[in-house]
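What follows is a set of structures to go through.
Both of the next two complexes hold chain A, though its partner changes from chain B to chain C.
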Partner chain A sequence: MEDSRRERDGAEGGAGQADSAPWLCRFLGPAESMVAGVVVRLCGYSAILFVFAILFFVLREAAPMLFGGMDLVEFISSPDWRPSSEVRPQYGILALLVGTLSVTGLAMALAVPLGLGAAVYISEFCTGKVKETLKIVIELLAAIPSVVWGFISYMVLAPLIVDLTGAPVGVNLLNGGAVLALMSVPIIVSVGEDALKAVPDSYREAALSLGASRWEVVYRVLFPAAKNGLLAAVLLGVGRAIGETMAVLMATGHAVQIPRGLLDPICTLTATIAAELGETVYGGPHYRMLFVIGLVLFTITFFVNLIADIVVKGIRNGQRA
Partner chain B sequence: MASEPETPAAAAANQFAATPLEQWKIVKETIAKTVFLAMTLVLVAPLVGILAILLVKAWPALSLAFVLENPKHYMTQGGIWAPLVGTFFLVLGSLLAAAPVGVLAGVYLNEYARDNWFTRIINLAVVNLAGVPSIVHALFGVGAFVLAANMGRSLMAACCTLAVMTLPVIITSTREALASVPMSFREACWNLGATRWQTIRTIVLPNSISGILTGVILQVSRAAGETAPILFTGAVFFVPVADHGWESFFPYGPGDRCMALSMHLFTLVTQVSGVSDETQYGTAVVLIGLVLVVNSLSIGLRGYLRSQKRW
Partner chain C sequence: MEAHIRFHNLTVRYGAKPALRDISLEIPRRRILGIIGPANAGKTTLLKCINRTIDFVPSASVGGRVEVDGQDVFRIRNVYRLRRRIGMVFPLPVGLPLSVYENVAYAPRRAGVRDRAELDELVEKCLRQAMLWDEVKDRLDLLGTKLSGGQQQRLTLARALSHRPEILCLDEFSIAIDPVTTMKIEDILRELKNEMTIVLVTNLVQQARRLADRTAFVSDSRLIEVDETETIFTRPANRLTERYVNGDFG
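Here is the complex of A and B:
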């Protein structure tokens, strides 16, 4: 395929045009192809451009604070986020970071077993109409907008949690974790199912012919063979959960504190930006600190996605070899 | 299995009877299957439950008037017309910006790009663009479109932010659609002397147009539901718009701030007091209904496509 493409490039604008074509077409055909080639290439590079643009513009707004005026030690180690304090504003993100990590951790503790279990069921234990229906349901689950999830957690789940546990407020770590779990499950299921599907059928047939049951095939053959893909599924779920904003904002109660239990309200990195950016003075330290938090988020999700990509590429290369 | 001791008499009775080990295996398999089924159902149940609860609670509010009326009395009464139109324009604007770039980027990745390190970096960029949190996209929108491009908080800035955010959806689905066109189609066209672009325009794109459309529809549903990216770039709590006449269909210019359905729901729940539960649930149902209908359209189109495939 590579060779044929190279030949194509050589023939572009060459004698390939039909001799009977009017002279205008003879000119326009290659010209159009050249212009189109340039435009298509530019659009192709746009993804790189936008990733750098995001980094650049967020960094540009954050820079005055990031490279001066910011106490880096306090930023990382202090749990006090008091941006609007009259006496001395404090910008410590420890509590926010712990909030994000705890709610993501809780969500993953729920979503990973369920998601991988569903992926195994859809991929290995059902066929035909049932399989298609389940895949569509999971897809629809992914389509529900994050603000609707937030609405559900706020209006339905929160009163339920208060009733069941007697917690003072229903919007807390548990609520956020549950909603976030449901939101990150679809990506875990779909990527996990792809990973299982990528295991060659000959592996399954070999195991079955040795007398293994379906469960043994899953446990002893598919899990080891697809472990990188399943890991990537989990990582993508983590990335999704860390970056989620509106649902978490509405579900976790927005209280800056390090949680001591499941029923404590918390505050996350994403929710802080969403809740406070509208109230800040443009160009002020608080405004710039929110962009610094944005930079932290960008960095975290960038590396989570990068690792997931490397893990996935790892399998592909392994299979080729 | 053969190592399991069996009495000769039992073996003679039925040679093919399951040994205790095999029976244990069958039991284990049944348990595993049931557990996996239960896990799947735990995921399916919330979708059904949520839809049921939303519909039941929203039922008293849902009517044609609810959709067609503007919000009134500090949004505690009236309908959702203004936010609905705002969402429509936001989606349309982001679609116009994202679709051409996204489709051509997909064309580049599938038709032009060679399998080298640079292409791998582009792919990585696409994956990362999809993984950037929506609130960081909002910050980018504020920094780039609202401030640097001097658009101010406007419909246009919000559309651009949404477009960048939903670009990966279109790129990946276009790529998949193009990849499903057999190589022999292209080779046949090249042999007739067509250039690469002519082949793409006359053979590859027409044969994959419905697949591309599926991705575009998905982009619409993503853009319609997003809240965070438009929060600071163009959407506002309330804009008074005309109640009647053609102006009620075009209430926002590209430089105006607008209302949006997702933002409206957020506002009703967290910022305004005295809104009846029905209105809140009604807004949520319209939003989720819109998104699910658009998504089902995409799923239906994909199913139809598979059944129509001639190669």
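Here is the complex of A and C:
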């Protein structure tokens, strides 16, 4: 059985295809495996196609404002976003940008220590039933729809913040940051835990045999060994926080202003698009400006990924230096 | 002869599966004890009990006693101090994700050596003992995991020696090392036994014959017999031992 399959692969020139899809070739004949090879290749390339298609469509809608009609200096430097002003509409995104960055930054400041701590605990210090339960619960957390998180922020967190701080409104930067943190933590935990789990046990044994304590094993051996995976976990969390729309729309108060403190309501790039797109005139300047904001978001996520890539590569090369 | 390590009726199970059954064995101080036996006989488990890394196998349950210098290791409070007295080399090379230098300097640093010159000297000495110095002296900053398999294996040997252990446990140390280097390391082990007790688990029965003062034969989680190496290889008491050392089974 084993032999006949091998002969068939060899005799009919299946070996060439075996390079691209060796696993599939075990189950498929040469012709099928060629088709399968083409199909998986198309699946792979489709990702590139989608990215460029999205960029193209967003750019097409934004172009008339982007290349004429908009004041680039005002766009970047003005905190005034007054798209529906009768006198003179203003399209400054500085407040929105600061809103997005501050709420994301706050969320990460809360979520990264919590998420990585939980990942370390689940991966290294807990066993059996506790471990299984925690993993299931955390996956469940990741599956909660963002609008439900919005509810929680609105109904639970907001009154709590008002009670505790005496702030006039409970929907603000703090609330948004807390909700985004709660939403990012499950991602950071599950990806981070996978990264730690991927470190071979032999590393742990070796370090323990040298007399290291379990905590030393974590920060001297596991963190360096898993740093790429842990970084990926953090950046996925950042991505989630920047892109999140519904929950921040409900949690942040949606007030266009540059926040001076944690208790100020803010407005983010994503929430602005979601809240305003339905009210704009199709093809009008306001409509097109929202697509320009889309481009800004696109650029931000592109740079987050690029930086991640550079950092990961830098870490890899730095190990030689 | 004074015993450095003593196993009293040691029994280890992984879940329901017995890994060691009622092992009683003495390892004399500043000698080399060879442990031979087929795969899955329990040789590695025996080593794991000495430095108590068995603690980290969740399914393992241990009965009986293991004494180092008369002290029961399973009753020791400060297990980290125990592990620092024991050097361990694993069958698969494990360069920690640190530089070559830091791999070797790790344990001395933990022990409080701060002086750079003293560390440098120590690192060089250990790397020389592991026959690795000439190959890595110009690239001590290279990540340990980037070395070849055989080099990493010698790196782990250097690392095991770096905290000047009283006991050196070698678990198939030569598996990834070429024969010429192996011979050189064997020479060094013969010198090292003036300073430390060496437990040598090996699949190469001839290596045990070359190096060990005494040899223990373990099979199917039982200690079949232990005696002077010469006796084990020429007139073993047990037929199973005779067949194993002659290559008839295993």
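The criterion applied here is as follows: the second predicted complex is superposed on the first by the 259 of 321 C-alpha atoms of A that agree within 3 Å, B and C clash if a C-alpha of one lies under 4 Å from a C-alpha of the other, contacts with A are read in each partner's own complex, and residues count from 1 in each chain.
Note that a contact is a pair of C-beta atoms (placed from the backbone, for glycine too) under 8 Å apart; a residue touches a chain by one contact, two chains touch by 3 or more.
Not measured: the values here are computed from a predicted model.
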item	value
Which superposed partner A:G239 touches (first chain B, second chain C, both, neither)	first
Which superposed partner A:S209 touches (first chain B, second chain C, both, neither)	second
Which superposed partner A:R260 touches (first chain B, second chain C, both, neither)	neither
Touching partner for A:A225 - first (chain B), second (chain C), both, neither	second
Of chain C and chain B, partner touching more chain A residues	B
Which superposed partner A:K129 touches (first chain B, second chain C, both, neither)	neither
First (chain B), second (chain C), both or neither touched by A:G117	first
Contacts of A:R88 with chain B and chain C, given as first, second, both or neither	neither
Shared chain A surface residues [contacts with chain B and with chain C]	211, 213, 216
Of chain A, residues touching chain B in the complex	1-2, 4-5, 8-9, 11-13, 16-18, 29-30, 32-33, 36-37, 39-41, 43-48, 50-51, 53-54, 57-58, 60-61, 113-115, 117-118, 120-122, 125, 134, 136-141, 143-148, 150-152, 154-156, 182, 185, 189, 211, 213-216, 218-219, 236, 239-240, 242-246, 250, 270, 273-274, 277-278, 290-291, 294, 297-298, 301-302, 304-306, 308-309, 313
Chain A contact footprint on chain C (complex, rising order)	51, 53, 56, 58, 80-81, 83-84, 86-88, 90, 92, 94, 96-98, 106-107, 110, 141-143, 146, 156, 159-160, 163
Chain B residues touching chain A - in the complex, by the definition given at the top	1, 25-26, 28-29, 31-33, 35-37, 39-40, 42-44, 46-47, 50, 53-54, 100-102, 104-105, 107-109, 111-115, 120-129, 131-140, 142-144, 147-148, 164, 167-168, 171, 183, 187, 190, 193-198, 200-201, 221, 224-228, 231-232, 262-263, 265-266, 269-270, 277, 280-281, 284, 287-288, 291-292, 295-296, 299
Chain C contact footprint on chain A (complex, rising order)	127-128, 200, 202-213, 216, 220-221, 224-225, 319-321
